[in-house]
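The two complexes that follow have chain A in common; it is paired with chain B in the first and with chain C in the second.
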Partner chain A sequence: MTVEASSLAPNGFRRLASRGLILALVLFLSVAPFLLVIAVSLGQKIEGGAWDWGLTFENYQRFFVGGDWPESWSPLHLQQLWYSLFYAIAASLLAVVTAFPFTWAMTQLSRRTQALWLIFFLTSLSLSEVFVAMGWDVLLSNRSGLPMLLREGGITQWLKEVGWFQTFRDWGLANPRDLRFKPTSFATILTMTYLVWPYAVILLYPALSRVDRSMLEAAATMGAKPTAVMLSIVLPLVRLSLIGTTLLLFVFLLGAYVVVAVFAEPAKQTLSIAIYETIHGLTLNAPFGAAQAILLLVAATLLLIIGTRLSRARRVGEG
Partner chain B sequence: MADLRLDKIGKTYGVYTAVEDLNLTFEAGKLTALLGPSGCGKTTLLRMIAGLEVPTHGRLFLGDEEITDLKAEVRNFGMVFQSFALFPHMSVAENIAYSLRIAGRSRRDCEARAAELLRLVQLEGLGGRRIGALSGGQRQRVAIARALAQEPRIFLLDEPMSALDAQLRGDMQMELRRLQQRLGITTIVVTHDQKEAMTMADRIVVMSRGRVEQVGSPQDIYHRPANAFVAAFIGTANLLPGLLHQDQIQVGADRFQVSPEMRISDRSEVTLFCRPEALNLYREAPPSNGLAAEVTFLRDLGPSIEVHLTSAQGDITVEVSGRTDLDLQLGDRLYVEFPREAIRVLPRDAEEKAA
Partner chain C sequence: MRWVRPLYMALSALFIALPIVVVCASALNSGRAMLFPPEDPTLDRFLAFFVEEEIWVTALRHSIIIALGAAALATLMAWPIAYQIWKRKDGLSKLIAGLASLPFALPPIVFGVGLSFLWSFTTGLGEIWAGMVSHAAFFLALPLVIISIGLQSIDRAHLDAAATMGAGEAVTFRTLIFPQTLPYTASAFFFVLVLSFNEFIIMFFVSSAAYSTVTLQIFNSLRNGFTPTMAVGAITFILASVLVFALVARFGNLPKLLGADDSNAP
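Let's look at the complex of A and B:
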């Protein structure tokens, strides 16, 4: 078959032009700012002033050993990175683990009811992080929230009588007299979980609703009880979706700011808070902030690679 | 082995009746086909037998054991699903040995049984394949092997051929039948294809609108249909409405001699039924039971020719041998003879009269 060159040329040109445009947009909107951040991270802070371009790895060194090195070693920044990862991993796992049974139950409902639930969750996404944090702030506040209700309802007294109050104290969820949820890692992770829960449902829904019901029935006719069906059929079938959803929520939560600012203990703040403080706070140290940002990105990338490896792990006969 | 007995089994969804109080016995070791148009309740009935659907009322017995409330997972009935429902995340052998694995049998047992069943369905050596790499016919064999792996008490198949192309379907029907006869396993097949039912079944249960219309051998159902629905659903039928008058049926202005029918009272409305291959075509009017008709369509099938005619009493289909010396042409005016012994008189029930 021959194609006339004249008919091909304008088409080919147009395709080339549109590709060029996309490339330019990617370069301008994504690659250039990223390169800029890398460049800034190699710069130097001028004492008492702004900062200057440079070519030093001091900022990166400072991240790992602290500003006073070699006089003293401070793990402060590493600690912040650890809390960033810890909160994000814990909350994304918790969200997926709790959203999974809910979404599974949801897919058993009628089409119409499923649609209503989905609309409800999509709508709830319009609540911003600030709004959610404010809501939980009130709910968990010591004076007027859950601790107050538990105290006035006699539950706190009862916990003391049966001796479980001490357990709460050991977990850092109580002061000597009352339950206290704020500021704690518990409240941070709880609110983060709440924040991404609708995403978890929406992301898990397609895979779960595609699971062929007749496969579950086939398993039942072969003697599999519901738990066995869940473990041997449903979970393996939606494994990729579970891992993918967890990774996505994890990345999303790495950048959480308001929730951490409101609920985390001062000693357990995350890198995203620290970056803001470095750049806009008292020190106005943009180069160090840029280095922090890049190291957070590197850590996240490493974890994503591990996660992806995990999802590609051996599975016989996957098709 | 024991017979499977349904005692007034019924299923309703709100006001809709899917299956209406059925009494049926499925004989041990025999293959029974549940045949009917879509929506007749045959699949619902099969699912109730499998334990996947709870009957609204009635009881199920396997021999003397009541199994009505037994869950599917303890019933030990093997089932082949319409979509095959193979597990895509497992290999062929893992699929087949699934019931054994769930029962906690050793890996070696599982492998041995899978190999044995692969041999049975002629898929030796394919145990390591992924499900995605199989053809439609191979998938069906795997589904059959998987359902048989647990040595089920009853073998159920829901429209097992519907996902296969026509060529393969015929072969698989015969193969499945041979397999069933070799194993001697009590089998129930749901189908809407009368040829499939006739190819495989010892006994056919014809269903429509949640009710059983007729139960019988393929020959019974074909030659002695109980009513016009069965006659029309199985093969091609010529059905003419008429009035029974002793040993004659009056159809419009034509009269047909019939063998006296004891079951039907005189002077009642009946349907005259005759299979196309039982009719004869003549250029000249036969002495009796002839009907003048004009050829409207000829379908030459090779071994036979299907002649479609129109008459004063309605459309007629006649099947004549391909070696006929009648030189048939469109528009030919012929006489269709309804031989007296080939005519069956079917009662017309109230619903048909109303329609």
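Let's look at the complex of A and C:
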């Protein structure tokens, strides 16, 4: 007994020590960066690209009213936040709405075929934002992309003849002679949708593949039309997964950098671009950049809370 | 209406494949411009990317070193955390796992900003090892989830049998738990490898322009106009990803890894 007890004590101690080590490591690598952003955001910029610790909310104030306050009010930073939210919401909704029917169709196939599709999506999903931007840049470019194809195919001419060309001009998708897709919000949202589309499939996949087939067969046997089955069985079953997926994609897109840098018009750039420019660009104002990052995080959190509240409220309403 | 479903699936596949195909085909251009379809196809760009052009060779080396290091580190860090949750299911293990998943759940750019501050205080800013550790921390949630799925798939009867026959924790781990979860460990490693290879924004912040990986180099060249050599980088990356995921699918149960329920297989 004494042998057992004495060998147990150092074991327990070692276990505690190793868990403490892991906790310390995780705190240092995963938590400290976020705390640092908060701490730096309260600091002050001093001359020559340096900054100092502090306890001021000036950086946050500047975000809402601009640098020249109180002489003049500038909504520049709020506008960047607005575009961050706008692009991310539009693209995440578009991706989920179009990926849902695809994923549903995919889960009806054999396991082997499903695995092949999954490899295909995982591969394209692992593809860097940089390559995606590169591919769409070629596809949308005036010289060799879609505008060229439409011009050579006579579609552009046809659009002019039926008078729809003006509509494209009004939407900012054409110059006086040709269709033009970049830089536009259209190209930004399209590429962002592309960026998260495989994620949408992979995130919707577990819920959709777990929908009990026998329930659908039962409903079909009793004469329910496919649309009715979809609306009354499948959608309610996977509703939470749909909302969860949309929210995840939204958070992911909120930080998109390359796509916005390449496709968005200069006047419609997002907060991500501004954050990098502030910290590493011309102004080297780390505290203000940190404050911008925190506000992006706050906006994301608020929207996540609203999103989950909405989904819960509707469930209560149904009950 | 039978044709609607396959048609929609085919169109979706086309949508996903189109930019990839375009990038790959542009690599064959002989001139400096990115044209599609390629003019005067040539394979010279491959030679340029892998052998001749110093910037690309260096960038590729950095990418590989960082990806391998990050994948190994992330898997090593994830193992004890996942094991503790599975073994003990106590509050502390769950707290550690939750904190470790934090970077993956929040907008990456915020984590990038935070890491660039962290490394500027610890002399790591612009160092390769810091890039490696940054990626390991950023992707830690993935091996954590994958290894946890692996641990849950171990048959409790085997563990009971091992305990009955007098195997201690270390022996059970070595002879039963580790071999049974090896496919998951390998999958976790390869997932992080591929994602680290392709990651941009974290590297953008922590490299601080002191070194480039392939993705950073491509972004830099992207501002100065495309060249076909960049597309060769893209092809290399795509092929590597296909290979890795095919391996994962071959040796692990990919649908299950991604959350499908085995009992419901058509």
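Convention: the second predicted complex is superposed on the first by the 285 of 319 C-alpha atoms of A that agree within 3 Å, B and C clash if a C-alpha of one lies under 4 Å from a C-alpha of the other, contacts with A are read in each partner's own complex, and residues count from 1 in each chain.
Please note the rule applied: contacts are C-beta pairs under 8 Å (C-beta built on N, C-alpha and C of every residue); 3 or more make two chains touch, one makes a residue touch a chain.
Predicted model only: the values in this text are computed from it and were never measured.
**Student:** See if chain A has more residues touched by chain B or by chain C, and give me that chain.
**Tutor:** Counted on chain A, the partner with more touching residues turns out to be C.
**Student:** Check whether A:D212 is in contact with chain B, with chain C, with both or with neither, and answer first, second, both or neither.
**Tutor:** Both: A:D212 reaches chain B and chain C.
**Student:** Counting only touches as set out at the top, which of chain B and chain C does A:E161 meet: first, second, both, neither?
**Tutor:** In the superposition, A:E161 touches no partner, neither chain B nor chain C.
**Student:** Where does A:D52 make contact in the superposed view: on chain B (first), on chain C (second), on both, or on neither?
**Tutor:** neither
**Student:** After the superposition on A, what does A:D68 contact: first (chain B), second (chain C), both or neither?
**Tutor:** neither
**Student:** Can A:L297 be said to touch chain B (first), chain C (second), both, or neither?
**Tutor:** After superposition on chain A, A:L297 lies in contact with chain C alone.
**Student:** Thinking of the overlay built on chain A, is A:S128 touched by chain B (first), by chain C (second), by both, or by neither?
**Tutor:** Touch status of A:S128: second partner only.
**Student:** Would you mind listing the overlap between the chain B footprint and the chain C footprint on chain A?
**Tutor:** Of chain A, residues 212 contact chain B in one complex and chain C in the other.
**Student:** Can you check the complex and tell me which residues of chain B touch chain A?
**Tutor:** Going by the criterion above, the answer is residues 50-52, 71-79, 81-83, 85-92, 94, 98-99, 101-103, 129-133, 146-147, 149-150, 156.
**Student:** Report the residues of chain A in contact with chain C in the complex, numbered from low to high.
**Tutor:** Interface residues on chain A, with respect to chain C: 18-19, 22-23, 25-27, 29-37, 40, 98-99, 101-102, 105-106, 108-111, 114-115, 118-124, 126-139, 143-145, 194, 197-198, 202, 205-206, 209-210, 212-213, 251-252, 254-255, 257-258, 262, 272, 275-276, 279-280, 286, 289-290, 293-294, 296-297, 300.
**Student:** Tell me, which parts of chain C touch chain A in their complex?
**Tutor:** Counting only chain C, the residues touching chain A are 5, 8-9, 12-13, 15-20, 22-23, 26, 34-36, 77, 80-81, 84, 92, 96, 99-103, 105-111, 113-118, 121, 133, 136-137, 140, 194-195, 197-201, 204-205, 208-209, 215, 218-219, 222, 226, 230-231, 234, 237-238, 241-242, 245-246, 249, 254-255, 258-261, 264-266.
**Student:** Show which residues of chain A lie in contact with chain B when the two form their complex.
**Tutor:** Residues 212, 214-215, 217-225, 228, 232-233, 236-237, 315-319.
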